[in-house]
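Have a look at this one before I ask anything.
Chain lettering (A, B, C, D, E and F) follows the sequence in which the chains are written, and residue indices restart at 1 in each chain.
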Amino acid sequence: MHDDGLQEVKNPSEIFLSEREKEITGSVVTSSIEGTRPILLEVQALVTPSSYGNPQRVATGFDYRRLSILLAVLEKRANLRLSAQNVFLNIAGGIRIDEPAVDLAVCCAIASNFTNKFAKSDTVVIGEVGLGGEVRSVSNIDKRIQEAAKLGFKKVVIPSNNYKTIKSKTTIEIIPIENLPSAIKEILN
Amino acid sequence: MHDDGLQEVKNPSEIFLSEREKEITGSVVTSSIEGTRPILLEVQALVTPSSYGNPQRVATGFDYRRLSILLAVLEKRANLRLSAQNVFLNIAGGIRIDEPAVDLAVCCAIASNFTNKFAKSDTVVIGEVGLGGEVRSVSNIDKRIQEAAKLGFKKVVIPSNNYKTIKSKTTIEIIPIENLPSAIKEILN
Amino acid sequence: MHDDGLQEVKNPSEIFLSEREKEITGSVVTSSIEGTRPILLEVQALVTPSSYGNPQRVATGFDYRRLSILLAVLEKRANLRLSAQNVFLNIAGGIRIDEPAVDLAVCCAIASNFTNKFAKSDTVVIGEVGLGGEVRSVSNIDKRIQEAAKLGFKKVVIPSNNYKTIKSKTTIEIIPIENLPSAIKEILN
Amino acid sequence: MHDDGLQEVKNPSEIFLSEREKEITGSVVTSSIEGTRPILLEVQALVTPSSYGNPQRVATGFDYRRLSILLAVLEKRANLRLSAQNVFLNIAGGIRIDEPAVDLAVCCAIASNFTNKFAKSDTVVIGEVGLGGEVRSVSNIDKRIQEAAKLGFKKVVIPSNNYKTIKSKTTIEIIPIENLPSAIKEILN
Amino acid sequence: MHDDGLQEVKNPSEIFLSEREKEITGSVVTSSIEGTRPILLEVQALVTPSSYGNPQRVATGFDYRRLSILLAVLEKRANLRLSAQNVFLNIAGGIRIDEPAVDLAVCCAIASNFTNKFAKSDTVVIGEVGLGGEVRSVSNIDKRIQEAAKLGFKKVVIPSNNYKTIKSKTTIEIIPIENLPSAIKEILN
Amino acid sequence: MHDDGLQEVKNPSEIFLSEREKEITGSVVTSSIEGTRPILLEVQALVTPSSYGNPQRVATGFDYRRLSILLAVLEKRANLRLSAQNVFLNIAGGIRIDEPAVDLAVCCAIASNFTNKFAKSDTVVIGEVGLGGEVRSVSNIDKRIQEAAKLGFKKVVIPSNNYKTIKSKTTIEIIPIENLPSAIKEILN
């Protein structure tokens, strides 16, 4: 993780933004809570055809089993045929995430690279994904939205169950989402 | 786990309820004891045909070996042919459970998704499952039932051995169950 | 493990007894020492034909390698052809055991389910099993026997080397056993 | 491990002796240092033909990799064709050993069961085994020999390099050994 | 790691430099932050054809999963066909690195050995590699550049996003790089 | 490890020397730093043809992945065809080593057993091995050489980069080595 280098930057999330390559598929920005403050992160996926019978699934910074489950959900609920693909997942910056709030961004990054469609670079994606493909609410939704707004993002995709409880006012466009297929449709160009 | 977001909610179990997608198979609500208080949880299962010889069995928030054993029990005692299926199990909310009291909900969630029948959304399922397919009693049954009643559930399926020892009065319908096949019959629509 | 629920019960071993399903094969009661006091436990085994070349061996609450070794002993010393079978082992109640005194009960539970013969439900089985199939003495034999008697069991199978050293008087029938085949013969109906 | 039951016995090693089944192949007594005092242990091996391509090698109480290496030494230096055999190794009493001084007993127990020859039941076997098949000296040789003598063993096989340094007088017959094949010849009947 | 031997050397990075074999492919110098100070390291790769279907990927001092991901990026973004190759990675000196700033050097070392082209021995390579093949900025870039200059290196390859923020003046040639293919082109002779 | 037995010996390294079997291939003496003092160790290798497709690689007291990497270096840089061989590695005395200074002795022991040539028994071998086959300098070279001289060894093979920095005078013959093939040539008879 970028440790003392971060102290020179006003906001630790900015450093992630500056890196964003808008021309590459498989990259989605999400928000995680580190301790008590929100941090924006870039989730990256790389999907390649598996030349052998046993496809590779490798993640750094994200739980391997969680990735396996999200791949099954993508296959069953979003009709992406990933079972014969190698899937690599990376959280940029060497960070490790444990909370389910990044599930939706992981799914969208995989969908983006697999379908070879760009994810909208002005949008932050937040939400837990259930095995039914439903997008589930997350904690601290206000903090996460404010951070996205502060860093200049135009839109934020959030769970529809969180939408009703938002207290803060913000200029960022908030897009409530009910399930995984809708989120993928929304986020991919 | 939903950490500080929970503090805004009166009862931590409510958050799980609000998420429930009634139209998806493979989802069952159960009750676990976190420290000294009961918490309602949603167990989710996804069963897909295995295209390779070696079926996947992946769980997050639940012991992998326990899942393997429950699958064998489902096959032997409830006649569900799961040995050629991929089985994915998830405890919604990123929570990790260690107590056997959620066994029965895990089994019912798998049976629901595999048979493509909805589990009753107004029912909480509680019980340890033995290798003989028997449903075994659990601790703190009163606390668990009260929590289910408080959150508006209509019914609670519990081990018949626990039934005799219930002390508290409650308006929720209590359904004592002796074994796994009866529980599956009761909970699936 | 049944934690605070146990406080309502006079004797923690009673709870296990109340669960016993007499009509299911693969279930044997044994005695383990938790700290300084004896606790009766139910060991459960489920043996199913392996449809693939690589049979499954899964245990919860018991060491996986110990299970593998006991299966080899059962095959070699008791002539049970288990090498092409899936074997699942469970200690009821979510308890984890580390002492070899439960070996004999594990072996008898497997033999019971595999041969489809009921194990005597009024008998507690105690003993370490050596690779030669011999039943080896265990510590605290008096405590273990007293607990079995107190809970109403009629018989207790113990290692013959322990038999000579028993100090306490008891009304329970004590059956000294020298080796695994004799124990299986004794315990299966 | 036999915990408080040991307090009733004068010498903790005696309990192991009482268990010895003289009629079973694959059993050898050795000596290990627990803290500062010697303890006699029974090493047990079970060797069975492997019905599949991938032979099983399972040890409880002994390092799995150490077992693999000793099997290679037995094959290369003592001409025992173990590569297509399942090998199970157990330290009786549920004890775990980490010191190389028990290597020679492990090798002799395997050789005994594989060749179906009894190991001498009146002999304690002590020594580290090198990859060249040489028997290497161990620490605390005097303590180990005294313990074997005290418990009534007639002979003790020790590394020849230890032989020169023995200070204590004893009535037990001491047999210095230079390499693994000699030890096997000496210990098997 | 070179522990007290380091105390005789003025600068701990010097020891690495003295070892550099300029005539061997697969070796690249990078910079890591140990605590608060920069340390120059030599990353070494060895790529050999895989004679079996399952290629070996072994790393010492570097995360195995990170290596797998970087190999996928090299294959997809730099067109190096590594999927049928054994890849061995070593951080010289027995050091273990966890920060992504060494990603680019790892990739260049692998590319060098695989293409059998020498990496420039007067150049230090710094940068995180994203799944899109983009080179991402790292923390402490000034410290890292100063260390490279002090030890006599002529050039340093850094992420272009870091280039804008450099504060220190230095005589070393700084080469900003945007992506992995450009870096490989720059560093290989 | 030889614990209190060591207290009877003047120098802990002597015990290793007394064990050396000069007539066995695959044995090389090296020097490691335990805390602050040097200790001489015997590295042993056993190489056997692999009868199955998947060769075994087992090490006790040495990192498994390090062994895999050194085998690749031996194959590529010293032309030893080890990929279809089982390789077993042992540090005599039950000691565990973590520093790269023993790499060269590990490689020479493997080369000795594989080529069936004796390693010189009067020589201590010291050096880290890089993936290019180069022998890299180690820390504390003076301490290591002094220990080898004190115990009566005639020669010590060291990295040529260490040769220039030796401060102490000694009667032992010092042989500087640049790479792995030269070391193997030097050490094998």
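Keep this in mind: contacts are C-beta pairs under 8 Å (C-beta built on N, C-alpha and C of every residue); 3 or more make two chains touch, one makes a residue touch a chain.
Note that the coordinates shown come from a computational prediction; the quantities given were computed from them, not determined experimentally.
Colleague: Would you mind checking the shortest number of contact hops between subunit B and subunit D?
Modeller: Between subunit B and subunit D, the shortest chain-hopping route counts 2.
Colleague: Between subunit C and subunit F, what distance separates the C-alpha centroids? Give it in angstrom.
Modeller: 50
Colleague: When the centre of a chain is set as the mean of its C-alpha atoms, what distance in Å lies between subunit A and subunit E?
Modeller: A distance of 29 Å separates the two centres.
Colleague: List, in ascending order, every residue of subunit E touching at least 2 other chains.
Modeller: Nothing qualifies.
Colleague: Given which chains touch which, is the overall layout a line, a ring, a star, complete, or other?
Modeller: Drawn as a graph, the chains make one closed cycle, so a ring.
Colleague: Once the touching pairs are worked out, the chains link into a ring; list them from subunit B, going toward subunit C first.
Modeller: Chains encountered around the ring, subunit B first and subunit C next: B, C, D, F, E, A.
Colleague: Taking the touch rule as given, give the residues of subunit F at its contact with subunit D in the complex, in rising order.
Modeller: Residues 1-6, 8, 15, 18-19, 21, 24-27, 42, 44-46, 48, 51-52, 56, 58-60, 86, 88, 90, 92-94, 113.
Colleague: Could you list, by residue number, the parts of subunit B that touch subunit C in their complex?
Modeller: For this pair, the touching residues of subunit B are 33, 36, 53-54, 63, 65-66, 68-69, 72-73, 75-76, 83, 98-100, 128, 130-134, 136-141, 161, 165.
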